[in-house]
Structure formats: structure tokens, C-alpha cells
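Below you'll find the structure I mean.
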Amino acid sequence: MHQIALVGAGRIGAIHAGNVARHPRLKLACIVDASEDAAQSLAAATGAKACSLAEAIADNSVKGAIIASSTDTHLEFSIMAAKSGKAVFCEKPIDLCLEKVSNSASLFADADTAFLLGFNRRFDPNFMKLRSQLQNGAVGKIETIHITSHDPAPPPLSYIPKSGGLFRDMTIHDFDMARWLTGEEFIEVFAQGACLIDKRIEDHGDIDTAKILLKTASGRMVFISNSRRSGYGYDQRIEVFGSEGRIAAGNMYETTVEHWSQGGRNADKPLEFFLERYATAYESEIAHFADILDRSCKPSVTYDDGYKALLIGEAAIRSWKEKSPISISNA
Amino acid sequence: MHQIALVGAGRIGAIHAGNVARHPRLKLACIVDASEDAAQSLAAATGAKACSLAEAIADNSVKGAIIASSTDTHLEFSIMAAKSGKAVFCEKPIDLCLEKVSNSASLFADADTAFLLGFNRRFDPNFMKLRSQLQNGAVGKIETIHITSHDPAPPPLSYIPKSGGLFRDMTIHDFDMARWLTGEEFIEVFAQGACLIDKRIEDHGDIDTAKILLKTASGRMVFISNSRRSGYGYDQRIEVFGSEGRIAAGNMYETTVEHWSQGGRNADKPLEFFLERYATAYESEIAHFADILDRSCKPSVTYDDGYKALLIGEAAIRSWKEKSPISISNA
Amino acid sequence: MHQIALVGAGRIGAIHAGNVARHPRLKLACIVDASEDAAQSLAAATGAKACSLAEAIADNSVKGAIIASSTDTHLEFSIMAAKSGKAVFCEKPIDLCLEKVSNSASLFADADTAFLLGFNRRFDPNFMKLRSQLQNGAVGKIETIHITSHDPAPPPLSYIPKSGGLFRDMTIHDFDMARWLTGEEFIEVFAQGACLIDKRIEDHGDIDTAKILLKTASGRMVFISNSRRSGYGYDQRIEVFGSEGRIAAGNMYETTVEHWSQGGRNADKPLEFFLERYATAYESEIAHFADILDRSCKPSVTYDDGYKALLIGEAAIRSWKEKSPISISNA
Amino acid sequence: MHQIALVGAGRIGAIHAGNVARHPRLKLACIVDASEDAAQSLAAATGAKACSLAEAIADNSVKGAIIASSTDTHLEFSIMAAKSGKAVFCEKPIDLCLEKVSNSASLFADADTAFLLGFNRRFDPNFMKLRSQLQNGAVGKIETIHITSHDPAPPPLSYIPKSGGLFRDMTIHDFDMARWLTGEEFIEVFAQGACLIDKRIEDHGDIDTAKILLKTASGRMVFISNSRRSGYGYDQRIEVFGSEGRIAAGNMYETTVEHWSQGGRNADKPLEFFLERYATAYESEIAHFADILDRSCKPSVTYDDGYKALLIGEAAIRSWKEKSPISISNA
């Protein structure tokens, strides 16, 4: 059993706490949170103990740290945990500042430092099968990809200023999926954005709707659609087009129940949001972290993946602001 | 161009008239109906002339007769047309009386007498593909079949007494599908019936809902579900189970439009009734009749097919009344 | 935390062990099995201890017993557990002998005896939503139901003689679903059976394929289709037809991935078997057992439900053997 | 009966000929083609006569002209027909040269000149229902649209140089759909293009794959995906996202047959190409032309619609070549 410290007892922290508690080879040892009450409460529910960050870091029996605290602390806490010899599972994003991420890259490039980034979609069974089918040549040579990624409803307005903006906060997942599925880096991005849902988001200098085009050196093209509000649950679909056809992964639904009446055929809307849609992905992420702690495999999502996705995000922001396609330097 | 006489200018007659008029190798010469007005009106719309039955029969330039008159005249008019040397396309059923059908069988067994029975479902593209896939071994050895055949709404109550009852009127199509798909005769039927929709149907000694089980000598089993009212359009589905899987044909819809909202995913209900669902089948039936007139093929639905379906119907009625499975003698 | 004893460390026992181990309000205290090795091995994997049945029964700190041993011991072990004051969760069937089940009914009719029967399908989210929608009037008045329940592949031949036969072993689940969904008892059954898959099953006096029709006093009709081999995974579908439409629950799939190519559109086959399809149902069953132990609710599946389903099964066997519909006395 | 002249006896001309011949209020009087053989042959098949363009234009009994000749003659022949007082149904595009189209606009702006442009997709029942639902507020306020429009396979290489290029030849339909569905003009286009399928297309200065983003003054965004080769038939889908949900129209299939086996669930691929997918649309187009000849309605697709779509196409070409978003002046 590997002893695990969880830093951050919020919504996503609670998910990880539950999955660690249920995992047969992991033990949730301690929980850290800026709010001692939050830490105590989650600790009580999961059989862990609440403690300070310093205590958690100093505890050498703790072999893995899950960093699920507020975004601005991800990098600092990851560095502390890594320096104390713990394997790190860090929620995305590493940081909102590209320069800061770049500056610490060398630390996490060290082969002895286990660092797993929480791009949860890579662990979704649908997208995993999509990718494995692609790698088996299901569509021949990959040509283009369409990613639809619409949230059910906008976050609280107070979240907008600290989100880093739509491209760093939301599209970053899609940039990662695009890189993961094509297996090729992007050299150019063009981003259109608009505030169509809530004009107060515009007041914060942000947008709520975006359409983005990416291009690789070999001419492959990826289209990403983002919206902060779908009106029908969480819309998470990917289509890949290639020389021999198309492969796609669709939304998930709570049940298969279908009702036929004079009003037509009616079925469930997509699962409401990420906690529901990616429940299995979060479990698999923790299972992968356990494997990393076992030293049976390397982290499948690296620090560099986080850096590269943020790099595209920075270029997308410039493209949107300058109304022009922007080159991405992956050097 | 083959000259065609249409006998019967009602709803199904009008469908056939339109399809004959549009067919490049057929010419709708004349239309006969007990109501001269009905004949005149349909003739005017299709460029044909109205005439009496005697005139139509006597006209030797007329090579084919479509019998779409009232059920009780199907057999008599078919015999008249056949005796005058015309190819006959007769709407189902041949007659509601098994003995009468049996008595005239020898006339239509004659290889020189072209007789096509209007079991329209055999011409539906979905069921045609289903059968051709079965014959190509899509499910290995056929074991069992489920047929769902529900009307959108009951017919006018006045139709019930002259319908011959649910089994002769409605299930007859399903009995034919069952024979056509299994390619084997049935030796036993068990029929459950009930009046669940409109109790006035029971007053006429009929039922509006039925579940029927058929069995072949080799042990294959077919289930048929009938209802006079679906509440969501015309429900016409067939599932075939075999040693290597399942193949099924589903309903058809007016459009592919799908609406996603807080209320779920909504799409069209099935096409309303047989005129819509089997529009293509009616066209193909007429095209097949043209091929018969060209002598390029034999009728694919024979007088004997009509007799055999009725034979099962008679046994089903006995089964329902006697509450017991009934043997079917195909001798 | 309620201490739980598990009796039976086989395939289904292991499922329950895992679900108890993961449940926050249950503790898997001990595991009993005729094979001490099996008990030891499962105990090691779940943090429980292996012990004898006598020890488990005698341990008053154990408040609940899960009976997942071989079918012929279900009733005896349930009685022992109940008499020692434990809440009982017994796998289906209670027993293969209707008389034995009847003889012990009074013991479990006692309001103080908590007895939950493992009709797992009642806990499937699809069927639960189906039923709750029916109760909300989704299809108006329920008229008829079609249940398709096909296994992926036949069990080992050695299982057949001790299975109780297809109707007691397999259809029993469908009889329970039929009762649960209609909310009305059945007064008649007609069962057709055949050995179409493996003739050696016939040598054991059993069948591998069946079509069953049930009828209630009010005329409602239920059709059940069973096959020991689908050729495409576990086929578990229910359709309900009523005065205002149709509602149906379909199969579940591992992923939503769809592949389009010259060969058509291809998607996953249904989940392979009950362990996969009903994984969530098994979890919910254990959660319900925890609620029963909390005394926060009554068992939703009773001893009488097991008796009634077996009663229909007995009548179905007679119907199949006597080739005649058989009355069911629910007195 | 309105007498119709058909100019152009090629593939699309033959479709129109058949639909005119079958229409109850139209009569196909004469057929003109640069190849007299082609004209004769189609005339023989449809009961029309072959004649010269001059004869057709001079024939005052001919009230409508269908221009389905080669693209470079569309405008000239349309002008000739219009000046002789005939109603004109002109295949798309009006011309590949924007300036020429602009120069003749005044002629067709005249209210007495009936001119219908053959943007067939506007007559597809799926897209018609999509639009009518949008107009009924199905998704609230329209925000963004995704159009997928992929051909099954590239045209003969010889067609490429005279096609006008992908944007004028293929995307022009999608530009029209975008205008028709949003009901708002576009002010900017950004087009990415690549030659991913056949490098010989690049040798002609053209591309075979494109992703295009459009923007309206109010911030609405439309994404269009084009490919000259899908590998699975004709892919024609539209999704519309709005303030209250999503509405989409999908592909059409030859049958509803679904096959389940160890290899998964398999169904038809989309209909092969435009002749199959838009068969109903072509019929409805002709029916609309008949209504125009009856003076019962105005043309629903105008000369200006053809001009506006071409205008976007020109901007798209510039965007692709200059690798920059391009403003569209709708003045």
C-alpha cells in the first residue's frame, strides 16, 4: 500500500480522495487544505487525517502527493513534493503563466522525478478506444479532427478573472487531446472568440464561445469548438477523419431508456458535467498513479504535455486578440 | 408500354394509379370503380379513362389488371381478369374465406396465369435487405424471429365487421413475412388476444391486441406482436436471431433531425402509416408487375402464398378462441 | 459500520465481496466457502478473514449475511442466518423446489426478519428509470411488454443438470421483471421451448431457446424471449407498450466509439455478460442492503417475490412439457 | 401543363428531365445539348424532342428553361432564356467569375424575371425541417453552426482545372447553407486548405481538404469542413448551437438494417453521393419551379443568393492564399 497525501479538499480533491480510498494498493494518509475545516471534513469521510502541508511534505512514509489545490499553487506545491522525493499527480494546469512553467521544466524533466499531469480526458474509455483504434489504422492516415467541447453552463462569474481565460482554462484540454490524437505538434493556430452567452464575461476581458483551427507541419488540421453553455449537459465529442474513413467518440448518457410518443422519440440528454462524464476517467487516473508508484510504468501525461498545451493556449490568445493566425514555436 | 386497368379507385387504388402513371413501361388505360365519380376523378388526375368492369375485361389491349376493389370482390375480379388473359396484380387478401381461396387455387396454379399478390412488405427495401443478408448467412442458421407490427390508430369502427378480424386483416402480413424469412412452413400456432384499446371492438367479436407464437417442424420459433394503436405512428420492425448473431430492420422516419435540450434528445416518431412507410414498396411492386408483363420474371408473391398465410390465420383464430395451440396442416 | 459475513466465494461472491469492501458503511468481516482455499484467497484480497459457517453464524457482531453459495444451500443458510438475527441478502433462486420455498415462507414473512433476494435487474439504472417513468404514466395504461434476455453463450454442459432447467435458472429473472413492471400477477403462461443450439442440452432434458407468453387477469400480455447463446454479447432489452406510446430500455456498451468506412457504420457489441452489464446493479444492491441494515428502508425484493417467480417457472415447465397454456394459481 | 426546355443532357440534366417528366403540371418539351446524341438519347427516354438552343429559345410555348449545361454557359443561356420571357431554373454556380455575375445582376433583379438558382440542399427535407425548427425557436438564439460536407471520392482529375477550385465548386453550397440558416450576412472568413488526398490536385493549384470559419457582424460563427474524399459515402451533416440547445440534421441511409455479431453492431454507410442523398431535394426543386410557373410563389433561391455565396468564396480563396482572415464586403 502506497501512502498518499492529498493537497486540496475541494470538488476535484474529493473525487480523488474517494478514488484513492477505494483503490486496493493506495492508502489515503493525509489531507491538506487552506481551510482546516474542509480538510477535516474530507478526512473524516475517507478515513484519512488532516494535517498541514509542511507535515505532509515532511512525512517520508508518504510516497505520492496529489496536488488539487488552487491553480496558483499547483507548481509551487508540485515542486515541494517532488523535492521531498514524492511522486506527484498534479491537477491541470501546471500554472497559468507559461514562463513559470518553462522555468521549472528542467526539474520535472529528470527521469527520477515522477510527475503525472491530470489531463483526465486521456483516461476516458471512449477516447482511449478512439486512440487505440487510430493507432491500429482504423481510418488509415489521420487527416483532420473535430473536437466539440461545450460545458453545460458558465461557471460563477467570480471564477472568470482567476480562470486564465477560456483558452487556458477550457481549451487547454482540447489542445491536449489534439496533440495526443494526432501525435504531431501544431505549427499554427487561428482562434475566433465571442461573448455570446453572458456579456459580463466580456467585461472581464474574456469570451464564452470560441472556434479554433490548428495546423501541423504535415498539413493536418484540427477544429475545436468551445462554449461555456450548451443547454443540454456536457457535450464532449471527437471525430477523426482519415484516408480510409471516420472514427468518432460520442457523449455518454445516464440510461438507455427511450420513449416513443406522439411527440417523437425521446432519450436522455448527455451526462451533466465532468464529474459524471469522466467518473471512470478519474478512477483510471488514480489507478495509473498507483502503477507509477509501483514503478511498473512511466507517467503517460508529462510536465512537457502541460507546457505544450499552454504554449498553444498562449498562441490562441494572441490569435484571438490580433485577429490573425499565429505561429507556434515548439522549439 | 403495357396497358393497365385499375379496378378500385379507393385509397390504395390511388397509390397504384400514381405509380403506374409514373412507370416508364406502363400506361394506365382505364379505371373501374363501383362509384363512377371516384373512377372519373382518379382517371382525370392520372390521364386514364373511367369505364365499366365489363369494358375493361373485354379490352384486349389491356394486358394487366390491378384488383384494388373491396375485399369481397378480389377473387371474383381476379378470376375474370385471368380468364380474359390478363396478368393480375391482386391486393391482399385474396378472400377472407379459406375454402373459396382453396377452391380457385387450381386456376392460378396454371403456369400461364400470371398472378401477383400484394403483400407489399416483401418489397420494402429494409426487409428486402434483411432477407438477402439472411440468405447470405448473416446470422448463420436462423433460429427465431420477432415481428412487431403495430398500427398508429384503430380503423373506423365500421370497418371492423368486414375486416375478417385482426388475424385475417392485420396479422396476415406478418404471417407472410414469417414464411418468407424462415423459408419453412409453420406447423403450430398459439395466439393470445385481448381487447385493450376499444371495448366496442370486442362487441364485434374481435380483438385489438394480439401476441402470437409460431413453430416450424425444425423447431424454429416466430413471435408476432400486433396492436391496433401504437400512439407513435406505424411500428414495423423485424428482428432475426441465428446461430451467429442478430439482424434487424427498423422503422423509417421523415427526417434525421435531432434536437438536444434540457428535455433530452428528441427525434421524429416513425412514419405515420403504411402509405408513408411503404411508399417505396408500392412503387417496387408496380415495377415488379411491369417485369412480369415483360415476361422477364415470375411473380414473387403467389396465390399459394396468399392461401398459406390465410391458413395460418384460420388456425390463429381457432387458437385464440380455444385457448390452445393449434396444428397447421400444410398438406 | 455493519459487519458482514459472505457465504460463498465463487464468481458472484467475489463481486459482492468487492462491493461490500468498497461500501463506506459496510465492513466485510468474514468469508465462508466449502473450499477453504477459495475463502482464504478472497479474504486476503478484500481484507476479511476466512472462517467456518458455524463461526460466522455464531458471531453476533456480524449483522448481515450474504448467501452466495451453491443454489441447493441458499435456503438452509438463509434460515440459519435469519434465526441468528442477521439480515439476509440471498442470491437467487431461494431454492429450485417450489415446495421447500413454500414451506419456509412463514419464517421470512415475519416483519422482523430482513430478507433481500438478489434479483439484480431491479437495481439496473436503465430498468429503474423505465419503471419510474411507467409509474409516472409515460405510456399511459400499460398494455403489453416484450422482454429479450439472451445470454452470450451457453454455460458449461456440467452446469445444465444442476441449473433447474432454463425456466427456473434463466427465465426466473424475466418472470420477476414482468411482475415488477406490470404490478399485476399473471394468471396464465404458455411456453414454447426448443434445443436449437446444442443438442447435448436436450439429452439432459433441458432446452436452450424459449418463447413465453404471460397473461394477467386484466388482459395484459408479456412476451419473453430466452436464448442461451446470442453470438453478440448479453442481450438485455425491455419494451413496454401502453395506451400513449412505448418506452424501452436497451443494451449497454463499453464505449460510444463509432467507425465509418466502406464497410458501413460499426459500433461496440453489447457488454459481454451479467458481470459487466449489471456491475452498477450489484453495487446498488449492496447499497440497498446497507440501507436495510441501517433500518432506513424495507427490502425491495422479498421472499415472496422469489416464490412467485418460481411459481410461474413451474407453470412454464408444465406448459412446455404439456404443449398447452397453464393456469397460475397465485392463491 | 407548363412546357419546359432542358438545356444540358448530362448527369444532373437527366435527373431534372426525369423529375419534370414525372411532374403532373410540367411537360418536358425539348432537350438541348452540345452533343446531339446525348440530347436525342435523353429525349427518347423521357418523351421529349431534341432541338437546338435557338429553337428552344424561339419556341414561345416553352415557358420555362432549365439550364444544366456546362458551368461556363450557365449565365449566357440564362440571360437568353430570361430575355425570351421564360422562367429560368439555373444550376449552380451562376458563373465562376464574380465580376460577370455582378454585371448581370440588374437583369435578374427585375421582379418580372423569374430566376431560380439550383442550390439543391435548401430543398432537402432534413435541412428544411432543421431551418423551420430554428425559425420556431428550437434552440433559442442561434449562436454557432458546424457544417460537415465531405464527398465520397475526388472527381476525375480532368475536372479540377475547370471546377473553379474547391471553394467555388464545393464550399459554395455550404456558404449558401450558412447564409440560409443564420439569416445574417458574414463579414469575415478564414480558410485553411491542404492537399492531403491527391497531390496532383495541388499541381492544379487546388486543394482537396479545407476548414473554414465565418463570422457575422453580431458575432455568430460558422465552421465548415470540406473533404474531397470521405471513404464512407457522402457526409452531409449540419449542427446548430443556440442559447437553448442544439439541433442537427444527419446523413441518410439506404436501409435501417442493423447486424449484431461478435464484430459489433453494423449498419449502412451514408448514401453514396448527391444523386442519392438529394433525390428528394431535386424533386422538390422541380415542384417549386412548377409553382413559380404557376405564379403561386416567388423563387426561394435568387440570383443574389448565388452572387453572395460566390462573394464569400472569393474571400475564402484570398484567405487561403494570404493565410489571413479576409473581410467580406456585402455592400
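For reference, chains read A, B, C and D in written order, and residue numbers begin at 1 within each chain.
In this text, contacts are C-beta pairs under 8 Å (C-beta built on N, C-alpha and C of every residue); 3 or more make two chains touch, one makes a residue touch a chain.
What you see is a predicted model; the values in this text were computed from it and never measured.
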Q: Name the chain whose C-alpha centroid is farthest from the C-alpha centroid of chain B.
A: A
Q: Count the C-beta pairs in contact for C-D and for A-C, then report the pair with the higher count.
A: A-C
Q: Report the inter-chain centroid distance for chain A and chain C in whole angstrom, where each centroid is the mean of the CA atoms.
A: 40
Q: Report the inter-chain centroid distance for chain C and chain D in whole angstrom, where each centroid is the mean of the CA atoms.
A: 58
Q. Which residues does chain B have that touch at least 2 chains other than itself?
A. 139, 230-232, 244-246, 260-262
(Q) Give the list of chain C residues in touch with chain A in this complex. (A) 22, 24, 45, 125-126, 129-130, 133, 138-139, 244-252, 254-262
**Q.** Residues of chain B that touch chain A when the two form their complex
**A.** 230-232, 260-270
(Q) Applying the document's contact rule, which stretches of chain A touch chain D when the two form their complex? (A) 139-140, 143-144, 146, 148, 150, 190, 192, 194-197, 209, 211, 213, 215, 219-221, 223, 225, 227, 229-232, 235, 241-246, 323-325
